[in-house]
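These are the structures in question, set out in turn.
After this come two complexes, each holding chain A, first together with chain B and then together with chain C.
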Partner chain A sequence: MTDDTDVTLSEETPSFLAPRRKQLLVGRRAVVASTVSTVLIIGGLVAAFYLAPGGKVVRQDYFNLHYMWESLVGNHNKALFSVGTGLLINIRIFLIAEVFILAFGLGLAWTRMTRSPVLVPFRILAVVYSDIFRGIPVLLVFLLIGYGVPGLQLGYISNQSPEIYGCVALILTYSAYVAEVFRAGIFSVPHGQILAARSLGLTNATTMRRVILPQAVRTVIPPLLNDFISLQKDTALLSVLGVIEAVQAGTIFQESRFNSSGLVVASLLFLVMTIPLTRVTDGLIARDRNRRLATT
Partner chain B sequence: MRNLRLSLAGLVTLATIGTVSLSTGVGANASSALPSLASCKTSIAANEFTKGKLTVATDTPAYTPWFVNNPSNGKGYESGVAFAIAKELGVANSNVVWVHEPFNASFAPGPKHFDFDVNEISYTSARAQVVTFSNSYYNVQQSIIALKGSKIVTHHTPAELKTYQYGDQIGTTGLTYIEQVIKPTKTPRVYPSLAEAASALETHQIDAIVLDTPDGQYMASASSGEVINAKKQNIAVQVGQFPSTGEHYGLLFQKGNKLVGCVNAAIAAMKSDGTLTSLQQKWLSIYTSVPQIKP
Partner chain C sequence: MTEVILQLDSVIKRFGDNEVLRGITLDLHRHEVVCLIGASGSGKSTLLRCVNLLETIDGGSITLFGQSLTDVRVDPDKVRRHTGMVFQSFNLFPHLSVLENVLVGPVRALKRKRSDVVDEALALLDRIGLRDRSDEYPDRLSGGQQQRVAIVRSLAMRPALLLLDEVTSALDPSLVGEVLDLLRDLAHSGTTMLIATHEMNFARDVAQKVVYLDGGVLVEQGTPQEIFSNPQHESTRQFLERVN
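Here is the complex of A and B:
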């Protein structure tokens, strides 16, 4: 047993350091070991699910196929809203928010990194902003914007739909995170690049636009996509503002049928929506890592 | 660690009991012949969650007129009903134990930690497949709550009712009523709790809330403070109530709980001797004068 572990470790370590090298352990033993462990773990989880004392009740409550279908398509006459239609709202909000977040986040990052003494108040504001919006739970930002702003009775601003307020809450929160991602990306470009560009006679602005940003963007794409996956899921918070999006439709189904299958349907739809993006992110991270390791 | 193991073992046992009672109790029907109250007084102990105590659950906060501040003080209609049932079953007031049960958790799978839940829960056949309901202890009608001076207060013909933006608390029969009977052209807003719905009404995000008449009356009363203006004056008004749809509140039990027979017997006794009516007059009397409107 101990021997096995040692062998695996010693053979695993170099392959981790140099992924391009052919794996040392490709033999039958590896195949058998991975198969056995997979079957044991997955089988164990499935068995626990089926054999648990309350397993039957839970399966009926969460995986009732009839109810899953009913919640997916909805039933207007029974006051059941479609989880599928609800998801369209999530997707729309996500797409709109994403564009604004990218623009606003980049602006924030830029502001924080300016050197001009005239812009000091803006720099301070940018720092305070990212501290505040990274510090307050998203749910509270939703509640404060969604119920606070209409309460102000500011005419046009206070008469928007909850979808708009939710979108604004997402933009405010995620811009703070995305700005930090951009900043980290810009800092990751070696200082020598700036010096080289400046010594070639490029202006500060041109250096940023032509030398720093192109390199920084490549670095920040994986963490940015991570933030967007998280953003997709946080669109579910629109439910607290009264919007019937996917999760709210599932919850309405749960409360009128006393059955949670609608929530499982919502989870599955969110998975379908996020998995492509998670796969792309993982692929990009792997490609980037290979590229870097290959050059060193 | 030992404590953890013990409680885990307890949970597993409880879960097993829950499954067994689920599979055996399916045949139990609330409308079948009721046991006599005299026999209940002796047999009740065998079915109680805690022997010798009647464990009653409700959500927090408990709302007027169903409860007044605290469920255990006997004030408010539902508190009164719970204590009256206890009296019929020969349980002393001091042996009625109140526990907190969020509405969403009350119908989750698994064993319940109470004898029954009294929380303005409307009977529906779909819900009755997962939990057991007692017979009605209150028949409910739906009513419209709006802002004073808003259009819906004076314009509420069936055709006009369809044109408004409604909002409601999630899981309420008011929401079902909106969708099934009013059928508005705009998708209603659905809020996690009544507080958010009230806030949305207050800030003109919605035109009206459809609410059980007593709850609506309370929201529109001067003492509620749920929908107010800058001077803290109540600005909500109860426009009127819709005709009855046969909707009623039932006490919620674990599916197949045998205690429901005795509780139904107690409710039947309270109906025939006038206890229920006098409790309604005491706590809900102001709710009988609400004008009727057509959906």
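Here is the complex of A and C:
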């Protein structure tokens, strides 16, 4: 910069208008735009489904209302199982597994975080456990437990129903995930909370129970519910062990009627089961986010 | 002078290669208020945390009521029940009401019956003028109110001494006064306190002894008059000039 350069502020009046293409759509224009795009996209998808070369066959094969109803309620005379009744098994397994997963997952998380020298082997086991069960496909866990454990001929343990083995497979797998969710929640509590609790003379365990866990649970609920949505769906894997739950009932229907409408019914029933939980989870996440935005 | 309840002898603390306390020797008598002054990083906070066993020391000894805290048989939880600590960032428990925050120590650590402690807790809250806020959650209170609740939470344990770690440093200037007033009040009623602070006027008013730390070394200690009016060391003089 030379000595005679005179730096002054601009005297021009600037324009802040965006070019028309970049202007945000508001009011009536926004309504029109969203309506048009919705109609185009949804209409396109429906049209593709109707106009596809095999569309008619697929509609007959998957969406036959008569067969859909028959598969939903079952047909005792034709030895057709009800998909609806099958879903009750899915729900029951989900509810039972959920309780055990919460308890076992929390136990695993706790074990991994303990400092006691006596518990070192358990800590190592917990790490190995979570590596194994997060690493093996759920389907394989089902097959290994469902067919392996009975093969061991261990008396009582080897003489359980496939439902029990399926339930155990779900518990083993999901506990590993849930433990990680719990751990993340526990780590999210600020360190100052631990210092404050310990300096009041609270023991390690009391600090965990009274100070850390109550705060961790709040942050952990949305991801936990996410895992449970996934768990609800994975109860369908019980079908590989021969349990006649919703999917298996649909498959049996398909094999005797040569029609897949039962599988669509099963899908719809799963949606009915999962969507409420999905909505609740998203609602909680949104509420949590709003609260955080409001406080900062 | 009353009995010595806390003795630090050549206390050394290292974080890796960094020696943050380099042989601190210090006595604290019952009913005495000692203020630790010095720049950030001089070791004031670390010293307090060592007394509370939140940090383990690497050399020297700390003796509380004649018992060595470095003894492996010592239960840190029992020590901490007698050495209340208040932090710069309050650290109130956000999921508990103000009253529950005050109750949690006596009920969960001392295993006293809740019904026996409630009146005491309310009386303490009354003392800081927050009795009518006892059912609210900490995030509804101002910083000064939160810090006063944190002090009262420690007091509810009836500790033998109170460790205060720069308790006004995170506060708006307008809220510092109410917290210092509470500490003055406690000092006058004979509470034994070890206070790390940047508030020189406060230290001059309440301390029986002022201790100047620099780089983990106890440079000098004495009465407020001695330290503030007639510092013996060049580094003390420079520090006081910088902060005034």
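Here is the rule we go by: the second predicted complex is superposed on the first by the 270 of 296 C-alpha atoms of A that agree within 3 Å, B and C clash if a C-alpha of one lies under 4 Å from a C-alpha of the other, contacts with A are read in each partner's own complex, and residues count from 1 in each chain.
In this section, contacts are C-beta pairs under 8 Å (C-beta built on N, C-alpha and C of every residue); 3 or more make two chains touch, one makes a residue touch a chain.
Because the structure is predicted, anything quoted here is derived from the model rather than measured.
Participant: Once chain A of both complexes is superposed, is A:93 in touch with chain B (first), chain C (second), both, or neither?
Facilitator: neither
Participant: Per the contact definition in the header, classify A:206: touching chain B only (first), chain C only (second), both, or neither.
Facilitator: second
Participant: Let me test your reading of the model: by the given contact rule, A:242 touches which partner, first (chain B), second (chain C), both or neither?
Facilitator: In the superposed model, A:242 contacts chain B only, not chain C.
Participant: Examine A:72 and indicate which partner it touches, taking first as chain B and second as chain C; both and neither are also allowed.
Facilitator: neither
Participant: Return first, second, both or neither, reflecting whether A:192 touches chain B, chain C, both chains, or no partner chain.
Facilitator: second
Participant: Which of the two partners, first being chain B and second being chain C, lies in contact with A:252: first, second, both, or neither?
Facilitator: The answer is first: A:252 touches chain B but not chain C.
Participant: Using the touch criterion from the header, give the chain among chain B and chain C with more contacted residues in chain A.
Facilitator: Comparing touch counts on chain A for chain B and chain C gives B.
Participant: Figure out whether A:53 sits in contact with chain B (first) or chain C (second), or with both, or with neither.
Facilitator: A:53 contacts chain B only, not chain C.
Participant: With both complexes overlaid on chain A, does A:147 touch chain B (first), chain C (second), both or neither?
Facilitator: Once the two structures are laid over each other on A, A:147 reaches chain B alone.
Participant: Which residues form the common part of the chain A surface touched by chain B and by chain C?
Facilitator: On chain A, no residue contacts both chain B in one structure and chain C in the other.
Participant: Would you mind writing out the residues of chain A in touch with chain C in their complex?
Facilitator: So the residues of chain A in touch with chain C come to 190, 192-193, 195-203, 206, 210-211, 214-215, 218, 295.
Participant: Can you name the residues of chain A that touch chain B in the complex?
Facilitator: Answer in residue numbers: 52-54, 56-58, 60-61, 76-79, 81, 147, 150-151, 153, 158-159, 162, 239-244, 248, 251-252, 254-259.
Participant: Tell me, which parts of chain C touch chain A in their complex?
Facilitator: 52, 54, 76-78, 80-81, 83-85, 87, 89, 91-95, 104-105, 108-110, 139, 150, 153-154, 157
Participant: Provide the residue numbers of chain B that touch chain A in the complex, in ascending order.
Facilitator: Residue list for chain B touching chain A: 12, 15-16, 18-19, 22, 104, 107-110, 124, 126-127, 129-131, 167, 170-171, 175-176, 178-180, 187-192, 196-197, 199-200, 202-206.
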